[in-house]
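What follows is chain A paired twice: with chain B in the first complex and chain C in the second.
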Partner chain A sequence: MSKARNKKRGKRAKPKRASAVKMSSSAAVTVATNARKPVKERIAAMANVTQAVCEKDNKFQALLKVLRNMNEPIRVRLAALQALQAASFAVVQFESRRADYLATLRAVATDADPELRQRVLGLLAREKDGFAQQRLLEGLQQPGKALLPPEKALQLLSYDIHADAYPVARMIVKSPPNEEAKREALRLLAADASSKPLFERILNDKEETKENRQLSASALQAIAPEAMQTHARELLLDPKEYDDIQATSLTALTQFGTAAKVEKDEELLKRVASLKSAGSNKLKRGARRFLTKYGS
Partner chain B sequence: MPHVTATAALSEQQFGALVEALSSDPTRRAELTDLLREDHPVYDQRSAASIVRMRGWILIALSHVGLTDTALLFVLEELDTGRDAYLVAAAARALRSYANPVAAFAPFVMRAITNIRYHDEYVAFERYGEYAISATGTTSLSELLATLVWLGPHACEILPELEQLRMNRGGGFSNHLLLEIERTLEAISGPAPPMDHRTDMCCTSPISLGDALSWVRGSRCGCETIESTVFKDHDGARITFREFFRGHPSVVVFFYTRCDNPQKCSLTITKLARLQNLLLERGLAEQIRTAAITYDPGFDIPERLRGYAKNRGVLMNVDHRMLRAVEGINELRAHFKLGVNFIGSLVNRHRIEVYILDAAGGIAASFERIHWDEQQIIERAVALLNEERDARARSK
Partner chain C sequence: MTVDLQINNSASPRARYLTWAPSPCRIRLTDPSGASTPVVNVTLTGRSGATAGSVVFRKTATGSSSTSLSLQLPIDGASVPFFVLGRFGQPSVSDGDVDIEVRDGTTVIGRLPAMVRIRKNANTLTPAERDRFLSAFAQLNDQGHGRFVDFRNMHTNAGSPQAHGAPGFLPWHRAYLLDLERELQAIDSSVALPYWRFDQAAPNLFTPDFMGVSDQFGTVSFNANNPLQFWVTDGVPGINRRPFFDAATDSASGITEAQTLALGNRYASFEDMEGNPHGFAHTSFGGFISSIPTAARDPLFFLLHANVDRLWAKWQRRFDRFDSTVAASFDSNPSNPIGHNLPDTMWPWNGITGPPRPPTAPGGGLANSPSVKAPGPQPRVQDCLDYQGRIDAAAQLGFDYDDVQLS
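Coming up: the complex of A and B.
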């Protein structure tokens, strides 16, 4: 091979490598949507499509087509979804794309692939989409129709307090399909002021799991801080109580306690003083804050 | 067919069928409009998404049979404050079935375009509860633009705003939508309507609309039923209705801190703060009281009320309070005939409502649904104050 030829090759090779790394956004869409290209290359190209998707309708439509197409490899479809989601963060530029994007998400919300389904329903739930909420509720009421596991469905429904998920969440707390679903149901109910008696019962039930009792303590502090103060005192005085629950109790009393009442409560002050040097760091910190406010 | 007053237990599909039946029976069409009342039992214990489907279907039914003056207010309210693409699209479509285009409608449509442009969606109106899962058919923006086309030259007032929208391509309308905007501009810029149709050119509303937006009670009802209603204010202080509302005229607004429509509660409280500033400027802050009462007293504890008000610049003291009813909530709801419904303890739908109370605590005037003007409320309250001063002077 002549020196000149080698030189020529070298000159050609450099820009080629450079173009592979710094592909224009439009070219990236062309690669990402080309079914003849290797999956790995298509997925790599997806990372670079955002600008073209926002600026050019044909590029955007091509990507939507990949997402909708059940014959495409699932990894490519998931990457397309991620790219579209990234583009949607540019709210103003994405304005004209939004309607098509949402319609496509709804179309693939019932896809056969569970991961795609979960991610799409997650995106729709964040939009408080009525279609997604309807499907999620239906799945909780009739498990045969469920698109997602109950704990995930409850988590997604909790994005919208107006989603009518409280009755089904109460039903799940009463007879949970699994422990995780019960926990998610409690998390969801933490915004429901009328669930106060439920949380009081769980908080005071020493047979309940620590997580559920801790969740109940936080929920009560949010929806009924006055009621939580009464429980908090009892929980703090119990030496066998969990650190996390006692820490939440301390926060409740520090933030919402009635100073005149707490400052006269010798038993409580003595107990909190002992917590200042015992238990977890969280508990110690809580005790110090409490004593700064109420201690003499 | 079930009677409309016994609809609380209907499934959504049954509700859809009821709406279709009412719209096909000319003798029962008024019941369709009645179903749009937020406090109608049919909305009790429904999710917000269900209510969107239900109200949307009523609006679509109205668009088939023609929008009446009584239903017009609900449509304009949706355009003024609506954030849901389906409802706004249905309202736009319903407005086009009104007897004739009126210039006063144009600002509502334009406001809806501003409110919805970042929340646009494809919508489907063929079957009850249907959601668009393909990018065919219509969107809320397309429906709003079609309504402007229907208004034609009557919408000339909003021409500069629409031009601005077209120019601002950074906003990124699709080519298809830009084409629709062009078509709309063309329709609006057309020849002015003949003189005999131009009575509405200076934005006057249909007469019935003006009455419905704000009204003065002919005979003020008493407040005996709620005098002993107990509130807690933003500091947790207890006070009864009688203690706070007797002795001074007051302005009362309703809201709740978890409202997710920035055009409703958040704006209402912001406007209350502006109204208080106007009272201060005129030296009336101790003679006219203000109160913001939450629809959600279980959740809106004093800390939340205080934080919400503080973030919106609301003045809080003995004459100006954020209130939650702790006893007698149902009586309060009945007394004000509040336009609200609930799912559990949570609000699922409500209207905008402001009341002016006289010194006896009776409702003297109210402003409903459409955004109110602070100055107008002040004028009404001041008139009431003067009226009471005069009465006192006469009695001496």
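Coming up: the complex of A and C.
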């Protein structure tokens, strides 16, 4: 990247070693964008294109063309995407390329290949791109228009908690198309303090999946830590509770509990001491850590 | 007869941490009873188990080291200086696992526990080392409400030009990691930031007990004992990370360590590593870590960058590039952007906001250390080069890597 820096500044030439690297990077773009070359060779060349992409607009445009071209092998297009994204980390040089890059990403967001769609929509969502957010929301509201499975769309919408996704997330929690979608809808709602009753209900519902209950514990610990500490205590004292949920409760109390309060709770200390000697391995492990912090 | 022994010239137990670089120490007689001469001859040695840390001694900051050191302590209580170093290849595994013992003849007259605290390959940590690191990291995050928020907010699109795409990339991230590591050590002094060697498979890292395992959509899951299950950033719990390689058996994409170190013997060539392997390590995944504005939301980010920093440290050692007055140690150029010149202070620690700096400066000054004084709360780019204090002992930053020697 330093060669590009020097060119931009119009300053001194790079040492000979770096010139050789630069030539190799330009040559790499030539190979990577040559449809007559074997796919494996083109993908290998993508690892060396970063400098040239930053330095020369024609090299950058050539790579964008590969990414856009639906007739190119998908493996080559994915490798081009990775190379462009790696180049984008050099923000100063990449700044003048950024608009074209994002426009190309939007263009391929509706590509026929699901893997490419997913990666591109992910990149756009992390930039809080309005186009991507709109398409993801549309897909959740009208599944016929969906570019991604609902669970992935919800996950990507969680990159921007102002994406107006709460109503659709609540709808999916009530009537989930699958368990993964429900989980991701819950994760998105965890940023919403008004969802506390929902998470309390799920955390205490033994019929819910382990993943959703643990996610609810995490959400509650974030939005209502005192309530979560109370729930964690009750879950630990419940002899019929599942090991995983009790282990999560132990972790919550160990990590985030208030020593002055926990150390006076004889019933809790006694229960954890019993888990240390008679619980499952994961409970024994959690109990050891708890007692190291709070026990005598 | 008793002695007072101070590591890093401090009485604080939080200063009893060593690296491969010499730590200044002092010792004095506090009770000379039984002494028959104006000075008492004592011997210092390190005592530890076979798998624990190990130390060596020096009378002066430079020169050869030895496993024991004889000193003459005046009975008037005057301090005698000496230096202690971690013995390369034998870092500690737990806090205080090496004792510095002081003997008068065969009688032990003083003992002080210390730790050779070194950044290690994350794939080789003991379960206890791993768990201490995770616990401290989860506490720093504190369900999204802790001090980690500042670190998350330092690494965004707004601050990115201060940290990327110019020669200050490596120094800025060195300061960033050091700041985070010191905050972790304020929670648990025994923690050092581990590194992820992204050019090697790391089957012990991508597990439910450590950095978690990803499902097909990139949602990362953890064991119930792993405190990272409570990780929250930007108000949203959890971590999104979808590897495009088999994390259990393969390395990430990008050039190898050997290829990276062969990029050239001048910083102006070596800094190309920002694109590859650094950029390729990031983009070997989908999810948080693959984009600048979200990368720091994933704890793995810091292990990835510890390896980037380690590669720089290795390169520095190979070509002796610690001295900022040597041209090849940095890519100095009058047209470098602000924050990317050796004398520039670095954002956000300098607190400067407004163009050409970013609009806000999260986090305040860089955390201090009980063990070393450098780089101070407002580090300059040049303060990050001599991290082992080779050129100036006072420049030591107080960290080292398990496979990067002092000399």
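Quick note on the criterion: the second predicted complex is superposed on the first by the 232 of 296 C-alpha atoms of A that agree within 3 Å, B and C clash if a C-alpha of one lies under 4 Å from a C-alpha of the other, contacts with A are read in each partner's own complex, and residues count from 1 in each chain.
We take it that contacts are C-beta pairs under 8 Å (C-beta built on N, C-alpha and C of every residue); 3 or more make two chains touch, one makes a residue touch a chain.
This is a predicted model, so every value here is computed, not measured.
Touch criterion met: A:Gly286 reaches chain C, while chain B stays clear of it. In the superposed model, more residues of chain A are touched by C than by the other of chain B and chain C. Once the two complexes are laid over each other on the shared chain, residue contacts for A:Tyr159 go to chain C alone; chain B is not touched.
Looking at the shared chain after the overlay, A:Ala107 reaches chain B, while chain C stays out of its contact range.
Of the two partner chains, neither chain B nor chain C is touched by A:Arg36. Look at A:Lys240: by the touch rule set out above, it reaches neither chain B nor chain C.
By the touch criterion defined above, A:Ser194 reaches chain B but does not reach chain C. Using the contact criterion defined above for the overlaid structures, shared-chain residue A:Val92 touches chain B and also reaches chain C. Within chain A, the residues touching chain B in one complex and chain C in the other are 54, 91-94, 128, 161, 191, 225, 256. Taken together, the chain A residues at the contact with chain B in this complex read 54, 57, 64, 91-100, 102-104, 106-107, 128, 130-131, 133-134, 160-164, 166, 191-194, 223, 225, 256. Against chain A, in their complex, chain C makes its touches with residues 131, 135, 138-139, 142-145, 157, 160-161, 164-167, 215, 217-219, 221, 223-227, 229-232, 234-238, 240, 244, 253-255, 263-266, 268-269, 271-272, 274-276, 278-280, 282-284, 286-288, 290-294, 331, 333-337.
Those residues of chain A whose C-beta lies close enough to touch chain C in the complex are 1-3, 5-6, 9-12, 14-15, 17-18, 21, 47-48, 50-51, 54, 82, 85-94, 118-119, 122-123, 126-128, 149, 151-152, 155, 158-159, 161, 180, 183-184, 187-188, 190-191, 211, 214-215, 217-219, 221-222, 225, 243-245, 247-248, 250-252, 254-256, 282, 285-286, 289. Listing the residues of chain B that touch chain A in their complex gives 46-50, 52-53, 86, 117-122, 129, 131-135, 139, 141, 170-175, 177, 258, 260, 296, 298-299, 301, 303, 343-346, 348.
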